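Same chain, two partners: chain A is paired with chain B first, then with chain C.
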Partner chain A sequence: MSVSSGITGKQTGAVSRPFLARLDQWWLLALPVFLFLAVFFLYPTSIILLRTFTEFDAPQSGGLDNLAWFLGGEANRTILFRTILVAAVSTILTSLIAFPYAYLMTVVSARTRTVMLGAVLISMFFGILLRNFSWVVMLQYQGSLNDVLVALGLNRIRFLGTMPAVLMGMTHILFPFMLLPLYAVLRGIDRRLVLAAQSLGATPSRAFWQVYVPLSTPGFVAGSMLVFVLALGFFVTPALLGSQQQSLLSQLMFTQFDKTAAFGRAGAMALVLMIAATVFVVLGNAISRTSRAYEAS
Partner chain B sequence: MTSPTLKAAEVEFIGVSKRYGFGPIAIDKLDLTVRPGEFLTLLGPSGSGKTTALNLLAGFQMPTSGQILIDGADISALPAYKRNIGVVFQHYALFPHMTVRENVGYPLKQRRVAKDELRRRVDEALRMVAIEAFADRLPRQLSGGQQQRVAVARAFVFQPRLLLMDEPLGALDRKLRESVQLELKRIHRELGVTVVFVTHDQEEALVMSDRVAVFDAGKIQQVGTASELYDAPLTKFVAQFLGESNCWVGDVTHQSSDRSTVSGPGWTVKGTRIEQTPSSGRAAVVVRPERCSLVARGDAPAGWNEIPGLIRDIVYLGSLRKVVIDLEAGGTAVVSSRPETEFPLNRAVSVAFPISSARTLPAAE
Partner chain C sequence: MHDNVDAGRGSRVILPLVCILIGIWLVLPLAIIVPISFSGEDSFAFPPRSWTMRRYLELADPVWTGAFFNSVVIGIIVAAISAVLGTLAAFAIARSQSRLISFLRILVLAPQIVPVIVVGLGVYLVFLRWHLNGTMTGFVLAHSAMALPFFVIPVVASLQTFDRSLERASASLGAGPLATFFQVTFPIIRPAVLSGMFLAFLASFDELVLALFLQSPTFLTLPVLLYRRTTDTIDPTVAAVATVELLFVTTCVVAALLLQSRRLGREAIRNE
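Take a look at the complex of A and B:
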């Protein structure tokens, strides 16, 4: 939106400029990116989605059969529902942890802030596989978390292969995607507004909830969109920390894709996931259109 | 109409000091009384501790030592939200996610004022600052001057007995500033509250205030009305910060009950002696440019001070002109006068002024 208004602004001021200059430079810069996206993203995605309606494994034979197969199966629907639930819980957990962390980052010294940010980014550099394996080490029956439980006089718990284990891993891996947009927004909130609210008679906690929290909405929305959409497609973490009995949609998709080579069915699932993600993003956009916090900056 | 004392608080700072962490002291043993209903301005250069003084009063900071009383009661233990003091912040601090009406209604909502009553009082406050047409806009849709009015309305809508304003006009352009100054004076008159106003602009302080407290480096230099500060400064800092002053620092060579003589290399000046004038050692002599005359050498009236120099520069300022003189004894002096006699540049002249116009003051730190 801001980009297009930028162009019209420039064009009105440059009526007599030659065509190439009027065709603003950013087009030229963006062209390779568009090409890249078209070749490596748009094309394969369309092929997969297309196969939903063109490739069938018996008993499916045509039309919307693949979608009907997926949505018609009780087990499939359970998995879809579970996937959305896990994505939602991951979003809530990451925001609950990221908010105090991001808030702390806005009040500490620049040096401490760098350390706090570094701690998060460095763990990102280790790669998703290693981070998941570290959770396996932590959560296994003879692992460190169980050692702590024993030291506290409790019994060992089988974490691996359970939903809580999957959620722990996903929350950890998705945390930075919530933290970074949230911190970017919190950093811009003028904390004198909270003092102003107090001078007007609000207790510190009311001032915080009525002024600070509403102004942080854009950060929550941006972070939630990232985390939720990423969580919908998570594969490695549920595969390593979860169980086949409690699989998520990407695992089911992988089975259809890899073991059965039922590309049409996998495509149907991809389509459903894409719709779920789109719905969520549209929802986020609707919030950002109605929330006045967006007008703050 | 209720009596002004019911609407207005009395404020006393008693030996209040504030130090941030281990840094230098921001406020140093401040003693100050603000009378009920008074418009008092804290005036001083940037970093002199004005905002700190306001923050202590508003409850955003705690004094390191000393006491702050409102109507005789120590408020140290009261958190900011219980002090019932209206604050207008330097950058307005309007809530960006609330409309003008919601901003102004905020303090009433905190006090659980009933809906109808709240609406009525918000409307009244908006009318007082002439901003009712913008009631449903968000702050960012307003100009700086309009935001400033909203901030003022929000600060007085809950009928506090004390209003604090920290450089509220700093962000406005000059013309707008002058009209808002008059408007704030009017609001002060209509509300009858006590106002503590902060500015670094001496002209603004003189225009608006009943009394001005001049700050420098965390200390009050002098408290008084505009004319007291201008005509009878107690320190060299006050003489130079308010308006323009010619100032010479030398040694006290002679003194009588009401006069001191101060001399430096090549000059001697007699001036009024005040209580604070040192009886020996270093002292400053100050005299306003408009109290000085330019005369031909040796032509000063009997009993006047006379300091010789050369005319370096003449600046015309409408009806007045300002003449800059390079003194023979070193340094410069400024004389402002009506252009009656013409003096060409580089003419050898004397700066002359009556003894009663010069004041001898402590030479300062």
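Take a look at the complex of A and C:
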């Protein structure tokens, strides 16, 4: 790092200049976006988070009551725990499915790769709502998946309204967000390193697991960050494939808005959700920095 | 290509097989909607026992066309706003040496990280005060903030590989900054701008959660209508909408991939 900034004199100069002088003319271009996002994104987001401390529905009356209500209630804690668990399981499932697919994409011919990428893109761009609808149709009691079970000599299962149904839908919908960053990293791995390990006596499978898989870590980290954070706030899939009895956090938040208009309570949930997401993103960034530093050394 | 690199000999057969299964898992749930949309029955049994075009005729109903029209108009305006604001932001992110720019990068990408349900609650409260709930302006403004990351990411990537000596050459030949932008820079980043606009349009066209907060009895978008028709009782007309959208998305993806592989092919020939 110090070597590269020594070569490009521009950066070294920028560091020695006073803080404000670094506002070069390119930064002015960002002002409209900055204002736009401040008014229509940052302001609304902070408003709802602040409601945690300013709006109260009886029996809450002030201070940290809303947070205490959310974190203190047995039922609410269960929902929070279930939400984090579902997000973690979807992250694991998508990475297990994405790895072989992304790996094969890096070894096949350009034409096959285009077809494989096409399947992912079509699934990704086909609306989230319609993909959920597809799963509602698939998972019906008289639906196709149950037909397959019957053909295999098994009994029909009531999928809709259960956690497995929600996980099936979420894994399918979040898959592209794991695959694309993972593929971007796998494409850049120098496969001669694996060959080198083999020429030094490692068996092919040992070379694969000890050289190739560790090199793919940044892809898993980037994909997991996206999938986990998106899954934490997922609303449509649990609402359509799950049930009210086993709801996730976003459903509970929507109910606070829709049924009781209790924005203070919704704000407390939003705050906890944001903290969970931020912790995960910071953690992910730290891991990818360490692995980059490890590679550089 | 590079042989001997995979986990073992067994994977030569197993890996493609696994990936074909994954491919089927990706596409089959979407494809199964197509025959269902022609089903004469109100159940979703497969295969259907009788066939009809009725679902498609029902799409002519003003409820459906109105929601579709709203979604398309909102999506187009969002794509245009994202293009103008997003191009400016992409230039700032790609070219500024300022250290504040990392803050801007986080701010522009934040709408993708902050859960939509949180933004939705906040936007509802703020837009209630500004009388923007249930209006097209409200939808456009809220969706534009969410769509910006989809536009900025590809355009920044394209600007980072951009050879800036082309701009200096243009300037040294006497072109002003605007002429240089429109005649040199823009034509080169145009593919990224177009795909960014397409992604921004889709992000808005497909957006449901903000829409659930912003909708009113008199103003809604296609995803809100689809959501209502899937939650209360499942309306088979949704399958017809899905089939039409599947056809549209497949056409777009196939066309884009064909164009790209043809361009890469031309470049390969030129490089030889």
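In this section, the second predicted complex is superposed on the first by the 263 of 297 C-alpha atoms of A that agree within 3 Å, B and C clash if a C-alpha of one lies under 4 Å from a C-alpha of the other, contacts with A are read in each partner's own complex, and residues count from 1 in each chain.
Methods note: a residue touches a chain if its C-beta (ideal position, glycine included) is under 8 Å from a C-beta of that chain, and two chains touch if they have at least 3 such contacts.
Everything quoted here is computed from the prediction, not taken from an experiment.
Asker: Contact-wise, after the overlay, does A:Asn155 reach chain B, chain C, both or neither (first, second, both, neither)?
Answerer: neither
Asker: Touch check for A:Pro204: first (chain B), second (chain C), both, or neither?
Answerer: Both partners, chain B and chain C.
Asker: Which partner chains sit in contact with A:Ala293 here, chain B, chain C, both or neither? Use first/second/both/neither.
Answerer: A:Ala293 contacts chain B only, not chain C.
Asker: Regarding the shared-chain residue A:Pro214, is it in contact with chain B (first), chain C (second), both, or neither?
Answerer: A:Pro214 sits against chain B, while chain C stays out of touch.
Asker: In the overlaid three-chain picture, which partner chain does A:Ala196 touch, first (chain B) or second (chain C), both, or neither?
Answerer: First partner only, chain B.
Asker: Chain A residues in contact: does chain B have more, or chain C?
Answerer: After superposing on chain A, more of chain A is contacted by C.
Asker: A:Ser61 in the overlay: touching chain B, chain C, both, or neither? Say first, second, both or neither.
Answerer: Neither partner.
Asker: Once the two structures are superposed, pull the chain A residues common to the chain B and chain C interfaces.
Answerer: Shared contact residues on chain A (touching chain B in one complex, chain C in the other): 192, 195, 198, 204.
Asker: Using the touch rule from the top, collect the residues of chain A that touch chain C in their complex.
Answerer: 10-11, 14, 22-24, 26-30, 32-34, 36-37, 40-49, 51, 97, 100-101, 103-104, 107, 110-111, 114, 116-123, 125-138, 140, 142-144, 147, 172, 175, 191-192, 194-195, 198, 204-205, 208-209, 212, 226, 229, 232-233, 235-236, 239-240, 250, 253-254, 257, 263, 266-267, 270, 273-274, 277, 281
Asker: Taking the touch rule as given, give the residues of chain C at its contact with chain A in the complex, in rising order.
Answerer: Touch list, chain C to chain A: 1-2, 4-8, 15-16, 18-19, 22-23, 25-27, 29-30, 32-33, 36, 43-46, 85-86, 88-89, 91-93, 95-101, 104, 107-108, 110-119, 121-127, 141-142, 144-145, 148, 202, 205-206, 208-209, 212-213, 223, 226-227, 230-231, 234, 238-239, 241-242, 245-246, 249-250, 252-254, 257, 261, 264.
Asker: Enumerate the contact residues on chain A facing chain B in the complex.
Answerer: Touch residues, chain A against chain B: 190, 192-193, 195-204, 206-207, 211, 214-215, 291-293, 295-297.
Asker: Which residues, counting only chain B, touch chain A once they are in their complex?
Answerer: Of all residues in chain B, those touching chain A are 58-60, 79-81, 83-87, 89, 91, 93, 95-98, 106-107, 110-111, 138, 140, 154, 158.
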